[in-house]
Each structure stands twice: as C-alpha cells, then as structure tokens.
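Below: a set of structures, written as structure tokens.
In the two assemblies presented below, chain A is common to both, partnered first by chain B and then by chain C.
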Partner chain A sequence: MTQAEIKLCSLLLQEHFGEIVEKIGVHLIRTGSQPLRVIAHDTGTSLDQVKKALCVLIQHNLVSYQVHKRGVVEYEAQCSRVLRMLRYPRYIYTTKTLYSDTGELIVEELLLNGKLTMSAVVKKVADRLTETMEDGKTMDYAEVSNTFVRLADTHFVQRCPSVPTTENSDPGPPPPAPTLVINEKDMYLVPKLSLIGKGKRRRSSDEDAAGEPKAKRPKHTTDNKEPIPDDGIYWQANLDRFHQHFRDQAIVSAVANRMDQTSSEIVRTMLRMSEITTSSSAPFTQPLSSNEIFRSLPVGYNISKQVLDQYLTLLADDPLEFVGKSGDSGGGMYVINLHKALASLATATLESVVQERFGSRCARIFRLVLQKKHLEQKQVEDFAMIPAKEAKDMLYKMLSENFMSLQEIPKTPDHAPSRTFYLYTVNILSAARMLLHRCYKSIANLIERRQFETKENKRLLEKSQRVEAIIASMQATGAEEAQLQEIEEMITAPERQQLETLKRNVNKLDASEIQVDETIFLLESYIECTMKRQ
Partner chain B sequence: MAEVKVKVQPPDADPVEIENRIIELCHQFPHGITDQVIQNEMPHIEAQQRAVAINRLLSMGQLDLLRSNTGLLYRIKDSQNAGKMKGSDNQEKLVYQIIEDAGNKGIWSRDIRYKSNLPLTEINKILKNLESKKLIKAVKSVAASKKKVYMLYNLQPDRSVTGGAWYSDQDFESEFVEVLNQQCFKFLQSKAETARESKQNPMIQRNSSFASSHEVWKYICELGISKVELSMEDIETILNTLIYDGKVEMTIIAAKEGTVGSVDGHMKLYRAVSPIIPPTGLVRAPCGLCPVFDDCHEGGEISPSNCIYMTEWLEF
Partner chain C sequence: MAGNKGRGRAAYTFNIEAVGFSKGEKLPDVVLKPPPLFPDTDYKPVPLKTGEGEEYMLALKQELRETMKRMPYFIETPEERQDIERYSKRYMKVYKEEWIPAGPKPKKAKDAGKGTSLTNTADVLKKIEELEKRDDGEKSDEENEDKEGSKEKSKEGDDDDDDDAAEQEEYDEEEQEEENDYINSYFEDGDDFGADSDDNMDEATY
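Our next item is the complex of A and B:
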C-alpha cells in the first residue's frame, strides 16, 4: 500500500469511527495480517480496546480473519475496502434514482451498519420513513420488504457468509474462530418472513423524564417475547454490483456523447439484459440477438425493427468499437466489448488531464503519440504541425511528469547518444497508475483542508450550536417572540456571514471529493481489468 | 548558316585564325564538335597547333570541354555566360559548374569540397566571390537551420529545402496553420449539425455528416484565406492534426476509380465528433492542476491547510 493510500485510509477511518479504530486499522494496513496479541503489543493499546476496535472493523467488512494452523487467528485489513467508504454517497444516490426513497434508506442503513438482518433493516427504515411523513400516516412494513426483495433480486444486496449448520455437532472444543461459508445459490435468497407492522414514530421530547424509563422497559420485554425469525441471516450491500452499474452508466453516457440519444438507449438496454448473466470481470457480454434487443427496448421507444438494425450496424462499425457483431443468427448477434470500453474511458481520462494541465497543443501531441505508438521528435513536429521549439518543450514537460516515456534504439553496440534513436511512447497502464496515486493524494488533501476549515471556525460553530439548543428549549417551554429574537441576535451578522461561507466551502470540498472519486473509479476499473487479462 | 569556304592555308597559319575557325565550326554545330571534326575541316594544321588553339579558347572561356561516349566534345559557350566568367579562374568555374549541376535542391559546401577536391579555404573564397558577383545564392535549409545550401541565383528553391506551404522564409507559420485548422473544423461541424437536424433514418444521417478530403479542399480553396496554393495532401495533414485534437474522426472507404477525390481506389472521409467524457473529476479540484503537488504535505511550507490555490478556488 502506498503512502498516499495509507494516509487516505487513516483520514477516513478517523472521520467515521474515531481515533482508536483508526490506530488499529492503519496498523493492520501497514503490517499485513497479525494475531490479536501482536496488534495489542505493537500499538500499545489495551487488549479490551483492540477487541472492540476489531469488532467494529469486522462488522463493517473492513477486516477479515483467518484461522491458521496451530490455532492462531490472524486479522487482515482490506485497504481497498476502506477506500470504498469514499463512494458511499454515490451508492446511496444510485439506489435513490433506481428505487426511490425506500431503497435509498435501506442501502444507507446497510452501509452505515455494515451487516444487518432483514427484519432489523425493515423496522429501522419504516421508522425513519414514518417520521418524515405527515402526521397520522405510517409506513407499512410490507412496502419496505417489497423494496428489499427487489434489491436482492437485482443483486444490489447480498447475504453475508454465515456459520455453517453442522449436521452432528463435533464433540471436540469449538474452533477459535468460525469459518464462514456462503452458498452461491443462497446469496440472494430472501428468507420467507412475514413482517407485519407499521413504522413507529419516535416519541417527541414532550414526555417528561419520568415517563421515559417506563416506556423503555416495556419495549425491551416485547423484544424478548418475539424471537427474531431470521436470526443469523445478515445482509450487506453488494459493492461489485454497484460498480457494474457505474461502469454501465459511464459506457452509456460515452455513447450518448459520441453518437445520439437513441444509440445510448440501445446500449443501455443491451447492458441491462446482460446484468445478471455476465460476471463483472468478463471482457464481453453474452451475445444478444437483435430480436431480443427489439423486444426488450423500453416501452416509450417505438422505433421499427429496421431502424434498430441500422442503429446496431452503425454502433458496430463505429471507430469506438464499443459494440461488436459476433454472428448473424437471430437477426445479428451483438456483444458489448467491455474491456475496450474501459480502456477508451481510461485513455479519455488521461487525455483530459493532459489537456487541462498542459494545454490543448500538448493534448494534440499526446493523442498523436498514443495513436502512432512510437515517434521520433522530428516526426512529432511534422505530424502535429507545431513549431519545433515549442514541440520540444512540450515533449520534455510531459516526459518529466511521467506521462510519456522514451524508448532507446541504438544504432551501434556502444549506445552512443549521437547514434541512437530516441522514440517517445505512452504506456497507458503506468500512466493510469501514476494518475491514480495522484487522485488518492488529492482526496487526502481535500479532506485535510475540510477538517482545517472546520477546526478554524470551531468556536463559531460551537456558539451557533449553543444558540440553537437554547432556542429549541425555549420554544419547547413556550417562550415569547421577543425573547427568541434576543437570543438569535447573539449571533452577529458578520458571524452569520462567516457561517454561511464555511458551510459553502465545506460543501464544495465534499462535492470535489466525490468528483475525484469518479476518476478513481474509472482508472481502478481499467487497471483491474487489464491486470486480470494478463 | 554561312558556308565555310575551305581555304588552303599555308602550313604556318595564324593561331588567331585557327581559333576563329574553330569558333565558327562550333557555331555550326551547337551541340558540340569532336576533335575529329576539326581535323577534318582543317587537315593541314598540325595536332599541336590545334591543341594550342583549343586550349587558348578554353582558357578564355569561349569553349566548353565536355566528355561523351565517343571522346571529347567542344561546345561554344553562351556569350552571356562567357562574359560573366571573364576574369574568373578555373577553380571558380569548376565550383560554379558543380553548383549548377545541383539544380534547385542546392548543394552544401562540404559536398562541393568533395566533388572538386579543393581545400576549404579556397572554397570559401570562391563562394564569397561568386556570391558578390551575384551568380549564386545561399539558402538556409529548414531542416537544419545552420546548414546553408548554395544554388544558382535565379533558381527557385525546392520544397524540401524551404518546407513547403507551411513555411515562409524559414519561419513556421503557426497562425496560418491554426486558422486553417479552425476553418476545417467549422466546416465539418456545420455539416454534422445539418445532418443531425435532418432527422432522417440514422444511416443517411451518418453518411451525410461525412465529408471527403476533396470536399474540404474545395471549400478551403473557395474561402481564399490562403495566398499559397494548397494541395489535397496539405489539407489532409491539417485534417490529421484535427484528428489528433480529438475533434474529428476519419474512415477510409473503397471508392471507384475516377470518382472525384479518390486516390488509389479509396477515399478518406472525415466527421466532426465530440469527446466521450466531460473533463474528468480530478481536474475540477485544484490538486489536479497544481504545479507544486509533489512538495505538498501536511505541516510543510506548502500544505493543504494553507494552500493558496485552494483558497482562491473556494472563493470562486
């Protein structure tokens, strides 16, 4: 793990879980898999705290454990999983667009809690939704369950591996750590639950303190009376499926930019049809016949079969090469070339970075060398129609920033520089890695700046919080307008202005983190699929 | 052509007379006469006298000595040229001849040295001499800016030396290239727009958004922004730069021989396109474009907390 990644992980863990979890987590990322006692010893924290921290990390799928021989259990942290925490807002937003508020809250609960049983999720989400609804209306459990079942059917949520049920229990002592298994078929199987109930509104703070403990106790006993029917079946969000969805979105928007709306709809249909059938790391989708595509087009699009065929031919002939024709049966079999699509998107990202950083003439040289693979300096000047001096300057700048590399071809065995050919070339994989590293460091910088801004204005924030609390309590006890006004004026106008600026800055930095994460997603997918291919 | 009267001359003839006779003979045969012909015309003159006369004519610059398959040829020189060369000596004549042979590509001074076997100092003196007499000129080569090639004064330098349509006086005309670039792109863009608006079936739409290189060439010629005549290859190099800008894509189709603009049975078609992704997320953050990115770390001189680029960006 590079320094930039470790720094980013530590910032994320600290922000979400606190100091102790951060210390343990970063230690595990740095040193690989370690047993419990070694962790406690190396980090200097008490065994109890280490256990609690590991509990939190395991619950959120950030740390996994393994039983080695001699009964030692070692814990290993997944750095890449920690970096996924940046993408949580994007996952939640995607579910919102697909399954509206209910789905959004389900996925949010699952991401915030790591693993949950279905009944717990349904109850929590129903309660939350009921609060936002108008007075008197409540959210039915059944509706939430339906959305949950739909999420499971489209593989957005999946079951966590669970303890295998042994037929005849071993007479010997139980193993130090259970090995969790999950059957492929059961991963998306929703247990038959009959969840009946309605969401409960949280009692308002009108109740006096004395009433609270009494209310608490009955709730507690009711829980004990009804055993949770799906105990032991925990669910988690299936991040790979979300990634597949993001990738499909990127491909569809690329096609829309290059061609037109109808072509992108056709590609979207094709991708949707192969969602479940194709694994996420396959180079091509399953071949789809043109008849099938015609049948599965969304209802609003009434284009004739002929026009559809024309569009498919155009897509297959396009220099982009996203769609390929693999056969002629069934009116023409078409596949989507996923690896090529990811490579084109990664290349476009690289070109966009070169263009913004160095200028459009540099971008011209960059694309030229990409297309022609290897070029001498003189040839670069001739093809790109840029004066020699400027072309030389730009080539050297890109070389020093590691976007390009030199290939030496000696004419004589002694490699004399005056008698060697020097060819400029672009290695996309290494340039992508370099850019990815830069992205990680950028996000770490943005998070640090956000924390700095918040710290700078800590005093002001605390003051405004106090004022708000006072106002709220006064409103509850029925104060007059004049008194409320007085309290509100405790925050002066410039301070209000400062608060506004602070809020705007923090929002901007947050949004920027999410934007950089989009770049990270494209580059990571490209690197992953290229490494798998090799 | 005056008929030469064969006069019987006394054996000891006047050398001048011999020379004049030879000159007249040369005028008769402008392509050159061999020694044999002179001998035939004046059989009574001894070989030595003939040789003396011929040598004198050569040194005076009135005769050219050429070698052919059959032997040596003597040719009358242009009187104009003869006047020019008066006063020059043999070496200069030799150098001049070498330069003349090089035609409009010109020849480098080192090559002159090899061909004439003269020492460098001599060559330089001769070249300066010839230049001052305005017989030759030096043209700077566009390939290697320090190299000078020499050619005859009144010749037009070849394209490879001056760089062709994109160079004027050894300077690369970047504004001219830029203007052409933008014009071609606008033409292709408007063609794609009209194709998109026509809303016919997609095949026709796509085909009509293509323009062949010949069409673009005609459009640019009609625009008249170029004072130099541009060929189709020139326009294709401009269109290639548009491809490297990512604004245009090209396909090659097989075309029947004889259709306008087809070269060797295929035609190149160009179409304006838009980029497939918007500017990526990294460049929207200040860190993506920061020039001191590598020096930035928490607690240092340059750190995220006191980054001036971020401050500016946040105030935006």
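Our next item is the complex of A and C:
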C-alpha cells in the first residue's frame, strides 16, 4: 500500500468511525496480518478498545480474520475496500435511479451498517419511508420486501458468508474463530419470510431534548422480543455488481459521445443481455447474434433489421474497437470488447489530463506518440508540426511528470550515448498507475482542506446551529414575526457572508471528491483488467 | 569522482544535438531546491460537473457524513476530564445507541458477584462483559452526571443489546472463541490496564 493510499484510508476511517478505529485500521493496513494481542501491544490501546474497533471494522467488511496454525487468529485489513467508502453516494444514487426511493434506502442501510438481516433492513426502511409520507399513511413491509427481492435477483445485494452448520458435534474444543463459508448457489437466495407489518412513525414525543429519550427507550424495545425468523442470514451490498454497472454506463456514454444515441442504445441492449451470462472480469461478452439483439431492443425503438445491421457493422469497424464481430451465423455474431473499452477509456482520461495540464499542443504530441508507439525527438517535431524548441520543452515536461518514458536503443554494444537512439514512448499502464496515485493524493488533500475549513469556522457554525435550533423551537411554540426577526439578527451580516463562503467552499470540495472518485474508478478498473490479463 | 574536464573546456560524451540543444547554447540552470509547494499553473482547471445527479450525490454525501457520526459504530475517544464541568455539556450530549457486539448477555448487569469458573468459556465471556458494563457504567457517570446514574444507563444499554441481539449473534462465537487466544489467568486483570482506567481516576482534590 502506498503512502498516499494509507493516508487516504486514515482520513476516511477517522471521518466515519472515529479515532480509535482509525488507529487500529491504519495499523493493520500498514503491517498486514496480525493477531489480537500484537495489535493491542503495538498501538498501545487497551484490549477492550481494540476488540470494539475490530468488531466495527469486521462488521463493515473492512477487516477479515483467519485461523492460522496453532490456533492463532490473525486479522487483516482490506485497504481497497476502505477506499470504496468514497463511492457510497454513487452507489446509493445509482440504486435510486434503478429502483427508486425504496431501493435507495435499502442500499443505504446496508452500506451504513455493513451487514444486516433482511428483516432488519425491511423494518428500518419501512420506518424511514413512513416518516417521509403524509400523516396517516404508512409503508407496507411487503413492498419493501419486493424491492429487496428484486435487488437480490439482479445481484445488487448478496448474502454474507456464514458459519457452516456442522451436524456432528465435535468432541474437541471449538476452533478459536469460525471459518465462514458461502455456497455460490445460495449467495442470492432470499429466505422465505412472511414479513407482515407496516412502518412505524416515530412518535413526536420522542423527539424531545436529549435527556428525555432515556425514559422513553424501554417502551420502544418491548415490541422487539419476538424471535427473528431469518437469524444468521446477513446481507451486504455487492459492490462488484455496482462496478459492473458503472463500467457499462461509461461504455454506453462513450459510444453515445462518439457516435449517436441509437448506437449507444444498441450497445446498452447488448450489455444488458450479457449481464447474467458474462462474469465481471471477462475480456469479452458472450457472442450475441444480430437477431437476438433485434428481438431484445427496447420497445420504443423501432428501427428495421437492416438499419440495425448497418449500425452493428459501423460499430464493429470503428477504430476504437468497442464492438467486435466474432462470426457470421445468426445474421452476424457480435461481442463487446470490455477490456479494450476500458483501455480506451483510461487512455482518453490520460489524454484529457495532459491537455488540461499542459495545453493542447502537448496533447497533440501525446496522442501522436500514443499512436506511433515510439518516436525520436526529431520525428516528433516533424509529425506534430511544432517548432523544435517548443517540442523539446513539452516533451521534457511530460517526461519529468512521468506521462512519457524514454526507451534507449543502443547502436553499439558499449551503449555510448552519442551512438544510441532515444525514443519517446507512452506506457499506458504505468502512466495510469501514476495518475491513480495522484488521484489518491488529491482526494486526501481535498478532505484535509475541507476539515481545515470546517475547523476554522467551528465557532461560527456552532453559533448558527444554536440560532437555528432556537428559531425552530420558537416557531413550534408559535412566536411572532418580530421575535423571529430579532433572533435571526443574532447572526450579523458579515458572519452570514462568512457562512455563505464556507458553505460554498465545502460544497465545492465535496463535489470535487466525488468527481475525482469517478476517475479513480476508471483507472482502477483498467489496471485491474490489465493485470488479470497478464 | 570528478572527471577530467578536458583542458578547461566541457566536452560531452554524447552528441548534444540528439537531445535538442544546439552547440554552444546556454543550458538551463541547475535546480538546487525542491519544487515549490504550490506551483503556478498555466492552465486553470475545468469547472466541476453540475447537474441533478451531482447535486443529489453531494447532498447525500454530506448527510451520510452526519449520519455516520451518530451511528453506534462511531467510537468516540474518551475525553480527558475538563477542569470545570460545563453546565451546558449535559444538554448538548448527542444521544447514541450502545452497540456492544458481545456474547450472551448477562440477565442482570449488576450481578458482579457471579462466580466465574475460568474453564468455561461462556462464563469467561460474561466476566469480560461485566467488566465492560462496569466500565461503561463508570464512563457514563462522568459523562452524564444527572440523577439517572449508572443503573439506568446500563439497564438501557441492556435493552439496546437485546434489540441488537440478532445482529450480534454471529459475533457470539467469534468473541467466545477469541478468549481462547490467550492464557486467561495471565490476563485476568488485563482489561483494567490501559486508557480506560484513566477516566476513573479521581484526581486528588485539595
């Protein structure tokens, strides 16, 4: 794990789980697999707190454990999973576009809690939805269950590995930690539950000041005493499926940008048909015949078979090679080249970065070297039609920032510099890695800056919160306009200005984080699929 | 090893034309310090994407941040004792559920006198549980200096545990089995050493 990744993980863990969990988590990421006592000793925290922190991390699928020889249990952190926490808003928003509010809340609850049983999810989501509905209306459990089943069917949620049920009672002592297993077939199997009920609206009397809820709490808990039918079956969000969806989205929008709406619809149809049949890491989708595609086009699109064939031929001939023709049976067999598509997207990202950082002439040189693979300096000047001095300057700038590299080809065995060719080349994989590393650094900087800004204005933020609370309570008890006006004036105009600026800055920083994460997704997918290929 | 400069005149070992400098041209200065921390950029960054989706995700992100702080998974660092107890502190305390993913819950938290046979893992776990509860009870004393006192807090913690019983059952085994990891007798009082105990120290008052 690079320093940048560790720093980013540390910031994310601290923001979401507090300092103790952050300390334990970062220690595990840095040092790899460790047993419990060693963690406690090395980090200098009490065993109790280490246990709590580990429980939180395991609950959220950030740390896994394994029993080694001699019965020692070792804990290991998954750094890449920690970095996924940046993407939570995107997962939730995607579910909203696909399954509307109910689906959105289900995925949100699963992400916030790590693992949950189906009945717990349904209950929580129904309660939340009921809150937002008008008075008197409640959300039925059945509707939420249906959405849950649909999510499981399309593999967006999956079962967590669980303790294996052993029929024979082992006479020896049980192992120090259970080894969790999950059967492939059972991963998306929804237990047969009959969840009957409606969402409960939180009683308004419970929303009093902090001191009150303690007295009211015992009343709430009495209705949870019945045994939970699907105990032991926990569900988690299936991030790989979301990533597959994002990848498909990226490919479709790329085709739409390059060609037109209809071709993107065709590609979308092909991807949809291959969702179940192709694994997420396959280089190509399964071959689809033109007839099948014609039958599966969305209902609104009535293009004739010939037009479809023309589009497919056009797509297959495109130099970007998103779609390839793999045979002629059935009117032509077509596949989508997933790995090539990811490579093109990553390359386009690199080109765009070069253009925005160094200018369009640099971008021209970059694209030229990409196309021709290896070029000498003289050749670069000639092909790009850029004067020698500027071309040299740009090449060196890109070289120093590691977007390009030099390849030496000696003419003589003694590698004398005067008799060696120096060729400029772009190695996409290493450039992508370099850019990814920079992205991690950027997000870490963004988060730090946002925390700094918030800390600077902490006093002002607290004051404005207090004033808002006062106004809200006064409105509830029915106050006059004049009184409300008076309270509002407690915040002076320059302070209001400051608050506005702060809000704008924080929003900008947050939005930047989300968008850098999109780039991270593309680059990581590309690197992953290239590594698998090798 | 400083090479021979060639009778007072620098001579390159390679053809200087190849890297693009003409003969006799002034070479750029050697850089003697690290690059500046915030270098000037010639090209300003492209504005951020805006749209319905982006705005929704932004709002979601900020909401999630707030929600996570209130979840029971966010473990607060125990604060050091303040010199003066601020009156407003008790009313600004954020109410949070207790999430203790532990083993079988003791029926009465106050049963400190329960006999513990250390050979039985279940009892060992209960002992740890009681120590935890006692710790929590004491911690709540100083955080929550109301008349409610530790009993109600631990009772309510108990109720919450029953609430979350389903969620923690999977961890029962894990917690239980973990205790076999180390020699019990060696760490009998282990739970009491460490950061937590500092909170309970009554500072000498003069």
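Definition applied: the second predicted complex is superposed on the first by the 504 of 534 C-alpha atoms of A that agree within 3 Å, B and C clash if a C-alpha of one lies under 4 Å from a C-alpha of the other, contacts with A are read in each partner's own complex, and residues count from 1 in each chain.
Convention: contacts are C-beta pairs under 8 Å (C-beta built on N, C-alpha and C of every residue); 3 or more make two chains touch, one makes a residue touch a chain.
Computed from a predicted structure; not experimentally measured.
Participant: A:Glu448 in the overlay: touching chain B, chain C, both, or neither? Say first, second, both or neither.
Facilitator: First partner only.
Participant: Give one of first, second, both or neither to describe whether A:Glu351 is in contact with chain B, with chain C, with both, or with none.
Facilitator: first
Participant: Touch test for A:Ile92: chain B only (first), chain C only (second), both, or neither?
Facilitator: A:Ile92 contacts chain C only, not chain B.
Participant: For A:Ile409, is the partner it touches chain B (first), chain C (second), both, or none of the two (neither)?
Facilitator: So A:Ile409 meets neither chain B nor chain C here.
Participant: Which holds for A:Gln377: it touches chain B only (first), chain C only (second), both, or neither?
Facilitator: The answer is second: A:Gln377 touches chain C but not chain B.
Participant: Could you say whether A:His16 touches chain B, chain C, both of them, or neither, answering first, second, both or neither?
Facilitator: Only chain C; A:His16 stays clear of chain B.
Participant: For A:Ala388, select first, second, both or neither according to whether it touches chain B, chain C, the two together, or no partner.
Facilitator: both
Participant: Between chain B and chain C, which makes contact with more of the residues in chain A?
Facilitator: C
Participant: Under the stated touch criterion, which partner chain does A:Lys508 make contact with: chain B (first), chain C (second), both, or neither?
Facilitator: Both partners, chain B and chain C.
Participant: Using the superposition on chain A described above, determine whether A:Ala476 touches chain B (first), chain C (second), both, or neither.
Facilitator: In the superposition, A:Ala476 contacts neither chain B nor chain C.
Participant: Could you list which residues of chain A make contact with chain B in one structure and with chain C in the other?
Facilitator: Dual-contact residues (chain A): 356-357, 388, 508, 512, 514-515.
Participant: Can you check the complex and tell me which residues of chain B touch chain A?
Facilitator: 166, 172, 174, 177, 181, 196, 201-203, 206, 237-238, 240-241, 243-246, 249, 251, 273-285, 287-289, 293, 296, 298, 303-305, 307, 310, 314
Participant: Could you list, by residue number, the parts of chain A that touch chain B in their complex?
Facilitator: Checking each residue of chain A against chain B gives 250, 253-254, 257-258, 260, 262-263, 307, 310-311, 313-314, 319-320, 344-345, 348-349, 351-353, 355-357, 360, 363-365, 367-368, 371, 383-388, 435, 438-439, 441-442, 444-446, 448-449, 452, 505, 508-509, 512, 514-519, 522.
Participant: Hey, which residues of chain C end up touching chain A in the complex?
Facilitator: 13-15, 18-20, 41-43, 45-46, 48-49, 53-54, 56-58, 60-62, 64-65, 67-68, 71, 73-77, 90-95, 100-101, 131-132, 135, 146, 148, 152-153, 155-156, 159-160, 162-163, 166-167, 169-171, 173-175, 177-178, 180-182, 187, 190-191, 193-196
Participant: For a test of understanding, state which residues of chain A touch chain C in their complex under the given definition.
Facilitator: Where chain A meets chain C, its residues are 15-21, 35-37, 45-49, 51-53, 55-56, 58-60, 65, 71-73, 88-90, 92-93, 96-97, 108, 112-117, 120, 162-163, 173-178, 209-211, 213-214, 217-218, 221, 224-225, 228, 231-232, 234, 356-359, 377, 388-389, 392, 416-418, 420, 422, 506-508, 510-515.
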